[in-house]
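Here's the structure we're looking at; comments come further down.
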Amino acid sequence: MISKEARLDLDRLSRLGMVEAIWGEHKTFEQIAEILKSFSEAGQLAFVTRVSVDKAEKLMQIFEQAEYHSKAKCLTLGRPFEVHPTEGKVVILSGGTSDLAVASEAELSLRLHGIKTEILLDIGVAGLHRLLNNLDKLTSAEVVIACAGMEGALPTVLGGLIPQPVIGVPVSVGYGVSAGGITALKGMLASCSPGLTVVNIDNGYGAAMAALRIIRSRSNK
Amino acid sequence: MISKEARLDLDRLSRLGMVEAIWGEHKTFEQIAEILKSFSEAGQLAFVTRVSVDKAEKLMQIFEQAEYHSKAKCLTLGRPFEVHPTEGKVVILSGGTSDLAVASEAELSLRLHGIKTEILLDIGVAGLHRLLNNLDKLTSAEVVIACAGMEGALPTVLGGLIPQPVIGVPVSVGYGVSAGGITALKGMLASCSPGLTVVNIDNGYGAAMAALRIIRSRSNK
Amino acid sequence: MISKEARLDLDRLSRLGMVEAIWGEHKTFEQIAEILKSFSEAGQLAFVTRVSVDKAEKLMQIFEQAEYHSKAKCLTLGRPFEVHPTEGKVVILSGGTSDLAVASEAELSLRLHGIKTEILLDIGVAGLHRLLNNLDKLTSAEVVIACAGMEGALPTVLGGLIPQPVIGVPVSVGYGVSAGGITALKGMLASCSPGLTVVNIDNGYGAAMAALRIIRSRSNK
Amino acid sequence: MISKEARLDLDRLSRLGMVEAIWGEHKTFEQIAEILKSFSEAGQLAFVTRVSVDKAEKLMQIFEQAEYHSKAKCLTLGRPFEVHPTEGKVVILSGGTSDLAVASEAELSLRLHGIKTEILLDIGVAGLHRLLNNLDKLTSAEVVIACAGMEGALPTVLGGLIPQPVIGVPVSVGYGVSAGGITALKGMLASCSPGLTVVNIDNGYGAAMAALRIIRSRSNK
Amino acid sequence: MISKEARLDLDRLSRLGMVEAIWGEHKTFEQIAEILKSFSEAGQLAFVTRVSVDKAEKLMQIFEQAEYHSKAKCLTLGRPFEVHPTEGKVVILSGGTSDLAVASEAELSLRLHGIKTEILLDIGVAGLHRLLNNLDKLTSAEVVIACAGMEGALPTVLGGLIPQPVIGVPVSVGYGVSAGGITALKGMLASCSPGLTVVNIDNGYGAAMAALRIIRSRSNK
Amino acid sequence: MISKEARLDLDRLSRLGMVEAIWGEHKTFEQIAEILKSFSEAGQLAFVTRVSVDKAEKLMQIFEQAEYHSKAKCLTLGRPFEVHPTEGKVVILSGGTSDLAVASEAELSLRLHGIKTEILLDIGVAGLHRLLNNLDKLTSAEVVIACAGMEGALPTVLGGLIPQPVIGVPVSVGYGVSAGGITALKGMLASCSPGLTVVNIDNGYGAAMAALRIIRSRSNK
Amino acid sequence: MISKEARLDLDRLSRLGMVEAIWGEHKTFEQIAEILKSFSEAGQLAFVTRVSVDKAEKLMQIFEQAEYHSKAKCLTLGRPFEVHPTEGKVVILSGGTSDLAVASEAELSLRLHGIKTEILLDIGVAGLHRLLNNLDKLTSAEVVIACAGMEGALPTVLGGLIPQPVIGVPVSVGYGVSAGGITALKGMLASCSPGLTVVNIDNGYGAAMAALRIIRSRSNK
Amino acid sequence: MISKEARLDLDRLSRLGMVEAIWGEHKTFEQIAEILKSFSEAGQLAFVTRVSVDKAEKLMQIFEQAEYHSKAKCLTLGRPFEVHPTEGKVVILSGGTSDLAVASEAELSLRLHGIKTEILLDIGVAGLHRLLNNLDKLTSAEVVIACAGMEGALPTVLGGLIPQPVIGVPVSVGYGVSAGGITALKGMLASCSPGLTVVNIDNGYGAAMAALRIIRSRSNK
């Protein structure tokens, strides 16, 4: 007998300082609704990623306070955390319109935790001037998250230009050898730029939590 | 015509605050010697990774000041940077004796840049008590680097326990499906722990530079 | 000329003590109906896995006694075997809501054969306390089946804690490098925990039959 | 500073009932010697797998009581456990002369723990009669370990013939598509025989520990 | 400018003695219709594989003489060749109901060329008796085509039992490591049975043409 | 805040002499419409590849001047460049009807830039006569683009026959081991013909731009 | 206890009409010697493939009648079978000097069984004239074995030209994407030529046994 | 019977204008010597790639006129072609000292055919200034060959800066995910720069022949 389908890790917030993201893609509408209810009852902010418009609309009919973030394809229920005015900013780079969902998931994940963010779109290595024109913004960031599909060279070029922490997010958009994002992932891991780190393909939430760890670790000391 | 075989990136230090590591594995003794000479003439600290004992001995006959770090399989020429007393410490975990070279490369890379380090050996997920017994040391670190071969689960378990930045280094030791380290790498990327980041297989130097970016970014602000 | 489309292995029960599971996913409604008819005529319990709700509803209109197990996505026709009161229990762990179908398929497969089972949900390595809090239940089991997607570290951690047979079932839920379950599979095979065994991705039925072999082998001697 | 290179899991024996196997392949002679010393001082049986003849000879000069098992390529130091007279036997099948090292590692691992074993050699699916002629021995076993390289079909055929637990060990001997053992591994995982479980390629020790878990679990109840 | 979309290889019949199969899966209804028209005008038998029921119905409205073979998912237009009474028979084995489409494509391909065939269904290695019970039929064949998914062990076992040419056809039915048929393919290539040959996954037509080459080569001499 | 979703590389034309192709497959109708508007306002020719009929029809309702090229599945808005009468011709080979979309994308990409083109269809290596019959046309080309799926041998055979630049385009049409085009890609890269170059799978636009670089580089000098 | 290390399949000859090839690569000198002794005592022809010159020389000192075939890297002991004067000939094509060992292994395997053979060297698709100049010899063969590395296109081109059985043998010679022979293997399987069959990489013996099955099957009827 | 081991393609020069490169890596000293003799007797320039120093020294003792090019690891026998004074220059970029052998093979291959070349070393994307400082040289080239290992981003960045033909050569130097060069290869194929073409890993000769095709095609018209 299963007494209850989902025992959530409601202690994660106090242990790690992170809201647990519920991965919505493979869950049914009913499963997500049950999870939202648990969070709501526990008085915690609920954060569901990869929610289709269809599921979101049905969920918002039940949970009137829920908010759907269409670019990021995420749904939230509850109040985000206050912005920490003295903490640094995370700049998020995106190589193209197709990477927008991943960059937006990263941005939303950080804003929910009260971190300041800025997205820079259409920054790619095949048109270097756009990257070089934004160096000021990049060097003023505390952490840079760089999303890129295809060959994934953006974090490599960036990591050779600035000394800040750079987190690469490979994006699954592409075709042929770049389909699925594995080539971008391996390109980032194989990078000749020192000190670049990488998260799973399309994992905007993961990159945001890595940036959060860096920024909070700083403010804790 | 090639005027000179290796034009080194001697500006990297001022641009990124990082010593350029020379990857010694596929270079001949003569190529490394020429590079050491360039660094020496430029008055910069030279740092060569993956140097076999044989090559190291021949190089030390030419460069009397060179030092060979046998556990890390690295050779240095020139003075390391002073330790910054107010900067945080990086703790480096290693799953087994076989991961020692990678963990030692990370440690040496950090110490050369004046960062305090501590290595904890034989911390593995098949014997959780050793991990749990060291939680104090882990939570006192500013950054944790976790090296692991085989299934690579160590950073995942660790990332669920502490809020600090955790950098996973997959190690190529293993056999069958874990040979070459790809399984450890993918296991870390697929981790259910939020905010874990990863570098290339066996890339102790890369993990160290990522930790350096985090720590220096903090002290710069 | 084909005289009959499916010659079932109706002797499997006497030879191996196992009900043959019919894999329903790639079979048409008509093919499954024909197979159910054969089993029914032979007076044997029929067990079809991976049956969509649509197919199940059509089949239950024809076979009124058929029962659909929606969590496990399985359909049965005929009476399960009696529970053996003196035989041990199999505990089935599941890392998350998304693994529920696989865990339920394992549980149903065992219950059909008269084996006692218990499912423990949302036991994952990123929140170790939930695992450690259930150690009593785990050490009282005769066999443990651990289902896990993503990096698949659950059976590894478990195998280091308890001496019982542990069977890992990699689950295909995930994205990027964990999509399809190969990373979880390889992580389990590469495990540093001694004596862990593994079945094919999503193969809840297979893990159950392996547990059955272990338990029956015991009761036969 | 590293106070000691290897902190062994000397509690494994009491926790799991298993001797910790030291994987000797990637360790230096000096590293293995240090580990043997630790075990010896702790009064525990030491078991090192994948030890080359050269390393073994040097080690036996230092540790006079050490014993080298050349077929299994393993080295032991200390007394094996007594045979439990009432416990069942494990039969180990090997497809060919080339699989002998893996089968022997499994056998030795079991004998060290006091388990009775029998090896049957040159049992392959391309000559079925040899398998069918040994059915008596196979059905008298409590657990069967089947080692196979190339296409790895042996455990599949076996699992369809007998009701006992069958553990498949893919072997890395082969060439072309079977080089490295991945094809044998996947063939065993994809098997149409129900309830077959699998361990990592060439992992004779792992298969033995899985058999030990099964047999001991039985005798403990 | 493209004068005509498809220039068919209408000489193939005279050069190789084989009807060119048109692969229908990725072609639109309009493209197939145009090709059928070309064959029809040239007075040749047209043979289209992998045609969905939908496309087939639309095509049969235009080409009244066209015939749809639903098990094989093929459409033909024109008269098959006469059976050669003195030529040998090809026996086609299929491991399960799911392999039926591939086995039927092979059978139809041969019958169109006037070759005698017999299909034996549900012959698998997990129930050896069904294979052994049909040895008479198998040894009376001139060529045997063995279709198998999952681990693909059927042709290996067969090749060790009979001296005839055995052509293995891996089938894409399966899940986890057997999804897509690559494991079955590699298992057949890695086979320990001597003289087994293999064609592409699901390539029933290709296996049939290989059998045709063998049989016709015989009757030509 | 994101001020504008897509900052296009409108300077590419002056820098590289190439119209930027907008990859339409993963973009929504709204995203493409916004991009078309930007190009239109900048007075530049807009070129969108991989546009489904559905999206194209909706876009043409908004942009009346837009033109849909159904074989190439591309949409253009604005006037193509004039043909350069003295520049050479690019001949594009296609192995089968299924490769037509890729070959047509290459042809359209070149014609938009004012380059003369000719497509030769159904030229394959399994019917060599069709290739040999077209040698005159092939040797009169300045560059040859050869599209091929399955085993991808066409560019290899061609490269051994003519001295011109040959650009291979692997095509994703196929099944089993050729599904997705990786086998064709690797076959072209592994080619024993000297001086063959390759682009990504299905990348007709990329092959066209490579041909444009060759031809324009010539006319610039 | 192991009573005897290798129980050979000495009945294979009567059952299948094939001499069992002993794969010598991974066997020690001592293991091969023991096997040769068994065959010798049984009065059967022994055939060992992939024997290095060093091992061969040591074996010939013990077995004076043994013969080493250096091009094929095989060692035989005992008398080959008589040539059947009325049976057909097998023509073996090799793409380059580097494929010679594989082609020679195939040739020797056939000659040992009394089959007539002819080798044609340096027949490649990048120089089609050499293939076309030998069409007479090829069409007079009963079976053609085509060995090819790199892109492996030779059997594809051949299969489009002649109606005989064509067996492709991928060869592991190459570099980059063709290293190890997988690209040649997949190219042959993906071939657009109908009725081509394939064996494992470098498996000259396997191709020979497939040809033997074809020829003997013919002469038996 | 084999009348002669190697029938060289001595007509390649007249047909394609290219010297046939003999791949020396897997050939024995004796095989290379025989080939050199054939070329010498035919009065043609012989060009052997991937020749180790050891083999080269033995060959130069026999062929006194042979010349060994140690950086490129190639051996030539006979006179190179005259430089065409009006033809353009090929610039060859190399990312690091480790890529030197591949870049040198490309350079030598071109110089042998009378093409002007220039090598630029240590041009990498992690230090963009070195690339940007050489833009003048790059835009004056007729063709640029860019060799790069690791993530292989160099040709991508380059292709976005200049309009000339750019040929990417992935290099096998690297470790972890970049070992063997596949990541660099896929990164180049997936490039977001339009019109980049790619050759096999380490194939300096192939890139040179592609450049030759481009330049000669131009001068022929």
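Going by the order they are written in, the chains are A, B, C, D, E, F, G and H; count residues from 1 in each one.
Here is the rule we use: contacts are C-beta pairs under 8 Å (C-beta built on N, C-alpha and C of every residue); 3 or more make two chains touch, one makes a residue touch a chain.
Because the structure is a prediction, the values reported are computed rather than measured.
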What are the mutual neighbours of chain E and chain G in this structure?
D, F
Result of counting contacting C-beta pairs for B-C and E-F, higher pair
B-C
Numbering shared by both copies at the chain H-chain B contact, with half separating same from different:
different
Whole-Å separation of chain centres (CA-atom averages), chain A against chain F:
35
Approximate Å spacing (C-alpha centroids) for the pair chain A, chain B:
27
Where chain E and chain H are represented by their mean Cα positions, the distance between them in whole Å:
45
Can you compute the centre-to-centre distance for chain D and chain F, using the mean CA position of each chain? Integer Å is fine.
56
Send over the residues of chain B in touch with two or more other chains.
96, 124, 126-127, 160-161, 176-178, 185, 189-191, 194, 200-201
In contact, pair by pair, are chains A-B, A-C, A-F, A-H, B-C, B-D, B-H, C-D, C-E, D-E, D-G, E-F, E-G, F-G, F-H, G-H
In their complex, what parts of chain G are in touch with chain D?
1-2, 4-9, 11-12, 23, 25-27, 31, 35, 170, 172, 180-182, 185, 200-203
Residue ranges of chain C touching chain B (in the complex, touch as defined):
95-96, 124-128, 150-153, 156-157, 159-161, 174, 176-178, 183-184, 186-194
Hey, which residues of chain E end up touching chain G in the complex?
15-18, 20-21, 88, 142-143, 160-167, 185, 189-191, 194-201, 205-206, 208-214, 216-218, 221
In the complex with chain C, residue positions of chain E that touch it
96-98, 100, 118-119, 121-122, 124, 126-127, 129-130, 173, 175-179
